[in-house]
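Given below, in the form of structure tokens, are the structures.
You will see chain A twice below: alongside chain B first, and alongside chain C after that.
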Partner chain A sequence: MALLVLTACVPTKIIEKVAIINSYGIDAAEEGQIEKTIIAFRFDDEAQNIATTLSGTANTVRGAEEDAANKTSFTLKPGQIRLVVYGKEIAENGISPYINVLVRDARVSSMMYTAISTGTAKEVLTAGQENTPANIGQYLQDLIEKEIKQNTIPDVSFFHFTHALEDTGQDPILPLLGIRDNKAALIGMAVMDNGKYAGEISLKDAFLVNLFQKNIRDKPLEVSISKEPFSDYIEGQLQTDDEQLHISTLITDGRTRTKMTDVGGLEFQTEVNLKVNLYETSEPMRIRDEKAARLLEKEMEKKITKQYEQLLASLKETGSDPFGLGNIYRIKKESGKLTEQEWDEKFPEVTVDFKVNVQLVNYGSVR
Partner chain B sequence: MDINVKVKPYLKIQAFYLFFIISSIQLGVGIMGLPRLVFLEAYQDAWISILIALLGILLVVFVMLRILTSYDNADILGIQIDLFGKWLGKIMGTVYIVYFAVTLFSVFITYIEVVKIFIFPELSNFVMGLLLVSLIVYCLLGGLKAIVGTCFIFFFLALWVLFLLIHPAVLLDFTHFQPVFQASFPELLSGARVTAYTFLGFEILFLIYPFIQNKKKVKKPVYFGVTFTALIVLITTVISIGFFSTDQLKNREWVVLNLFKIQSLPFIERFDYIVVAEWMMVVLPNMFLLMWAITYSMKRLYRVPQKITLYATAGLLLIACIFTSDHFLIQKIINTSAQYGFWLVFVYPLLLLPMVWIKKRRGKQKGAGRHSS
Partner chain C sequence: MRKNQAKSSNNIFPIKVDKLKKQMESRFENNPDLVFTIYEHQKKKIAVFYIGYLVEPEMVHNYLLKPLLTSDKTWANPDILNDIPLSTGKTKEKLQDILQNILIGEVFIYVEGEPAAVSFILSKKEKRNLTQAETESLVQGPKVAFTESIAINMNIVRWNIHSTDLVLEKIMIGERAPREVRLIYLKSIANETDVNTMRQRLKDLEIDQLEDSSVLMQYIEDSSQTIFPQFYSSELPDRFAYTVTRGRIGVLVENSPTAILAPSTFFSFFESTEDLYMRWNAGTFLRYLRFIAIIISVLLTPLYVAATTFHYEIIPTQELITIGESRAIVPFPPIFEALLLEFIIELLREAGARLPTKIGQTIGIVGGIVIGTAAVQAGITSNFLIILVALSALASFTTPNYMMGTAIRIIRFPMIILAGTLGMIGMMFGVCFLIIHLLKLSSLGRPYLSPVYPFRWEDLNKTLYRLPNSRQNKRFASYRPKDLIRYSKRKASKRKDIDE
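This part shows the complex of A and B:
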């Protein structure tokens, strides 16, 4: 009885009359305004495609949504947002002003993804839509989710992102979406500094960041090492003129531990322990004896160390610290407190001694 | 008015229900925002503050039990009249009633506000208030036994929510707790003090004590009850601090509810909706017990029939909640209740115990004198 009476007390939302926002993009428009491109689902019997694209311009994110809503007969609902894309131009000026709408509204999910696009967000969301059979928002979300599941990139779910964004000793990284072969694709990761786009890193580097942050299992890894030391082990004639030997491995267990060796001098030491299985080599070669295996391990260690050092050098240039070194520094500091500004100044001075330790466990069925 | 209460045997309850009564009245709306408040005072050492608070509560409960056991079957209202005389005793009793009313109102409007923010922004206070008030009146008409029964059942119905915390718990960032022991002792104490509002409620023991059948077994369930509450508060605080970064924690109003935003199952995508609805089962026993405390005290002190107080309070609640939708006003009411409760629940019993002792000793001397003469 009470239920019958009360049904009228909350505004009804009839599924045929609402459009559920699946993803949206934010771009800079003229005069400091923002343009919002919305991809929404509507459950209309007559429509061929349930996804519909709308856009609106205003000073605030919600305002732009209102503007877009004026162009449709449906009510837009924010509860199912899965992906938010920020155009590069707007990201360079900082995305924090556009993030708080997602936090403040308790009805927005924490499990969505935020991303940056190489061009405008509109481009990725609309050009992509024409060339993707499924809904573009869903497609990109699945893509990012898959990469996270496979450990290629760190977990960039919204709650991880806001965590890193508001943590003084760590900076977030976000997926960088672009258009490749007329299709929207994940082309790298954008590193952020104080909520601003600071630069981009490749997906390979993104994996290194991920490895730094958490334990990795079951992740294929391709490493290119110098061919020269292995001349004795390569069978027969060289197949290619390439000076590099490419080997493909599977990481069965990857762990990283970082500690601070000198607080005043900002010196860190990172131990990376990898257990790998050998899958493929670009030259047919034999791991005849233990010596060969040790040599292979050593060369891989050298290469990965170098990759880490290069990554750190380029991160220092951008001023972004996705590793979270600042957190380790904060713990060791006497006061236990660290401001964003202080870490910004100190981060370019850090040195990290990467100690990579590779252990080849299996070589497959070929010796 | 009699100092000792004569309770009909069929109205008495078993001592072990005190565990459920105490833990359900303590856990309510306070815990939703507590981690943030403690963190603001004691930073990463907030968990120490909660342990300190637990020690304080155990002490107060110990004192309360000592006061109660020095009488045969009395409640706080009777004890105060015995100690302070009729007038002052009644005034102190009224202070308790006002305190229960303020706390009830703060729980009531906070829950309405949370529902409005998380689920239905368009919902009117009146509708939600009517729903809650009708539930309160319905349960209160069943009497104390019905209330205790709901506490017992809702305790188990709400317990599963804890399992949802496993997901954020595995994502803890332990650097957030380091370096440990940074907060100074005063900071830890003020951290412990802000837990007051959350831990309030065990003063119900002062009223419900005469209704306990096997009084010898009172201690265990009471101590376990407050420890259980403190444990839950400790778990949620530790998870919140580890899961959220400093700035996030400082800025989020209901931190604990935010913890339920990341779980997801193929058939239930948003657990926060469910948890907010489920929270009604945490909040309702709270309101039942507070309402019972008001009606019962009115009957004891002023001989007002319980039904009349019940309908009057329910009506007032409903009218008042329409006018309190402003967030800062609600915060003010919560603060008032917290301040008021801190002195009345935590400090006052400590002052009461020596007075009871003095009174008893004098009584004995008089008695002894009469014998010799």
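This part shows the complex of A and C:
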């Protein structure tokens, strides 16, 4: 009890006296400095909007924060950071130097998101702020979270991101934010190599990465396949001149299993098993018998295999391995050790044999 | 006074009637209520004396004076005892006895020259009718409450426990104005050590007078420093019977409508007999509800204070905006805001309790609506806190025992101060302090926190939750009753068909 009395007052952080940083963006500034754009909450009964935008320039992230703090009467506090956006220019040079400030601070939640912007981070955060009724940091965070929940993109929360970043056999991928229709939006995923921006993949491809990494349930999937083989099943006149048949399905159960068939030759084999329900076809189709269903399955398999192969080819070009093939290699390898550099050299040489197996469970009846 | 009493404890009889009258009147100086009449019957002087408003005048007239004066006998003490048609006749020789008993409504007859006076109990006692329990009301179950009359209370207890095992020991407490106290237990079940401890505590009590059972409780409790009551005080006869038949001890005090039940655990204060009347699963649910309610009541407002003063990190972002916006207009720090609001709630509660029922309701509405909304609009407090404070006040009233409820409401204040100065760490200090304190307490020498500490698995189903009756056939083992088994499990679960 005496100890309690002897300690001085604990410094208070009453919420209406501090500005709570909700999100910030890092951009390159002149002379190697960085510019930090901060969106913070401050609870001022005279202000219209609780979210306020501040910016500061310095050599370090914290330094920039100090600089920005000079422009407000509130003390800036981390602790509720939900989103950090890195500008493309910064990202191309590597974001690792700016990550450690987040890792070091215990007040930073490991459930937050980091993202990369197509232009500058400031653009995404400010332009977005003007055109979004809600607070932009919150909006983007909800957006990313929703996509993860719906299995469109892999889980990219800070926890998973830092894990992949430190892992030698896997490279992280991050959401790529950009401006679309004057609004901030998720436009793809950025693949990283050694903490540097290496290229981008589409959201469709992001799903393939996600499917590779974990089991998927209840995820809608749209596939475009060649119309030709189905000419017998399409009813009546062709509705469009499109040579593709677009079908929409729901994956009720999607699993992948990857094993290494040849360690020395860097050969992998990936089995993708999909159970799907047919939702919609762009041409009215009657699936009268098993044969039609099997044909549809086969065409879908072909298409998805092709998508995977294309994705792998483009990833090899960027040198980034979000699949985590390196980890499988490391496990199979005799020494059980793998350096970042070693995998960088070997990754372009890998071959993966994708075996996609689609099973059409329900296709509904057309009468 | 004490010296006088000592002197008067000698036998004063035989005495001249006139002299007796003088003596009595000197005792009741300035007291016009003593009725002292001297009759001459068959050449003998007979004195009849009593206090007017303490006796039934009709009874005195019909059953005492009529036979006494109309018969042509020459009265002597044995004759009076035999021939007067009342069964409560006794002879009293000492002045002290006479003085004491005349005050509880006995009528004395003294025939000049006899060696003692004869007394009859013809007392009249003003009492209120049996009413519903008010502080501990039940939805289901017996509604009647104890009253101020110990005779009626004992009558109710006897009706609840038909057993010759039931002991109602009489102990008088109070030197100047003695009051009857009854120590009640079941001889074949109650732990003897507990009974002896209780008896000794009652007998060793040397006080001038006893105001009420709750005062007696404070005199005989294990620790008088703590805020927590260690004995359960109840106005419900069914709770009394339930506790006594489980091997604990009850104490009734004359003129007090609440009984004392001992020993009690901390958890028993959150049990209601209604838990028994409900089905076991509903009973368990209600009991858990009350335990959650204490946690809410003690920790919710402090948590708000700690979170808004120190730990904004733990508030979900959406909530942060709501709380922040409502906090923005408040000019005080959260600790002051919370203390103010809790103080207002306590004021309302106290005013509601003191005012007559009709005005009390109005005050409730005024407090709830006017002060609540106006305080927010005036920018004194935030909307959010009003909900929390109301919730924790509400939660504190779920405690079946009023004393415990009050204790819980009061410990919230130091908790808020700790939360406002040291944040979550302060709250943890507070909680640890409370737990250590509760661990140190005892009730009639039995650990206050049993059966959780010391841990007894088989007793948990009587405190923390309830099971079907077939699994609850034992008494509370922590209190070591003489007979642990309430009934045979096998017999209870066996079903007999009607044609068997």
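The rule we apply is simple: the second predicted complex is superposed on the first by the 357 of 367 C-alpha atoms of A that agree within 3 Å, B and C clash if a C-alpha of one lies under 4 Å from a C-alpha of the other, contacts with A are read in each partner's own complex, and residues count from 1 in each chain.
Here is the rule we use: contacts are C-beta pairs under 8 Å (C-beta built on N, C-alpha and C of every residue); 3 or more make two chains touch, one makes a residue touch a chain.
Remember, it's a predicted structure, so these values are computed and weren't measured experimentally.
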| item | value |
| --- | --- |
| Chain A as common anchor, with chain B and chain C clashing or fitting | fit |
| Which superposed partner A:327 touches (first chain B, second chain C, both, neither) | first |
| Partner chain in contact with A:79 - chain B first, chain C second, else both or neither | both |
| Which of chain B and chain C A:219 touches, first, second, both or neither | neither |
| First, second, both or neither for A:303, with chain B first and chain C second | neither |
| First (chain B), second (chain C), both or neither touched by A:18 | second |
| Winner by number of chain A residues touched, once chain B and chain C are compared | B |
| Touched partner set for A:107, first chain B, second chain C, both or neither | both |
| Partner chain in contact with A:138 - chain B first, chain C second, else both or neither | second |
| First (chain B), second (chain C), both or neither touched by A:275 | neither |
| Computed vertex angle (chain A) for partners chain B and chain C, CA, steps of 10° | 50 |
| Chain C versus chain B - closest C-alpha approach in the superposed model, Å | 5 |
| Overlapping contact positions on chain A, where the chain C interface meets the chain B interface | 9-10, 79, 107, 109 |
| Complex interface listing, chain B residues touching chain A | 43-44, 117-124, 127, 131, 134, 173, 175, 178-179, 182, 243-248, 251-252, 257-258, 261-262, 264, 269-270, 272 |
| Complex contacts: residues of chain A adjacent to chain B | 2, 6, 9-11, 79, 103, 106-107, 109-111, 157, 159, 162-164, 166-170, 324, 327-328, 330-333, 335-336 |
| Complex contacts: residues of chain C adjacent to chain A | 308-310, 312-313, 315, 317-318, 320-321, 323-325, 327-330, 333-334, 421-423, 429 |
| Of all residues in chain A, those that touch chain C in their complex | 4, 9-10, 12-16, 18, 20, 22, 41, 43-45, 50, 77, 79-80, 82, 107, 109, 135, 138 |
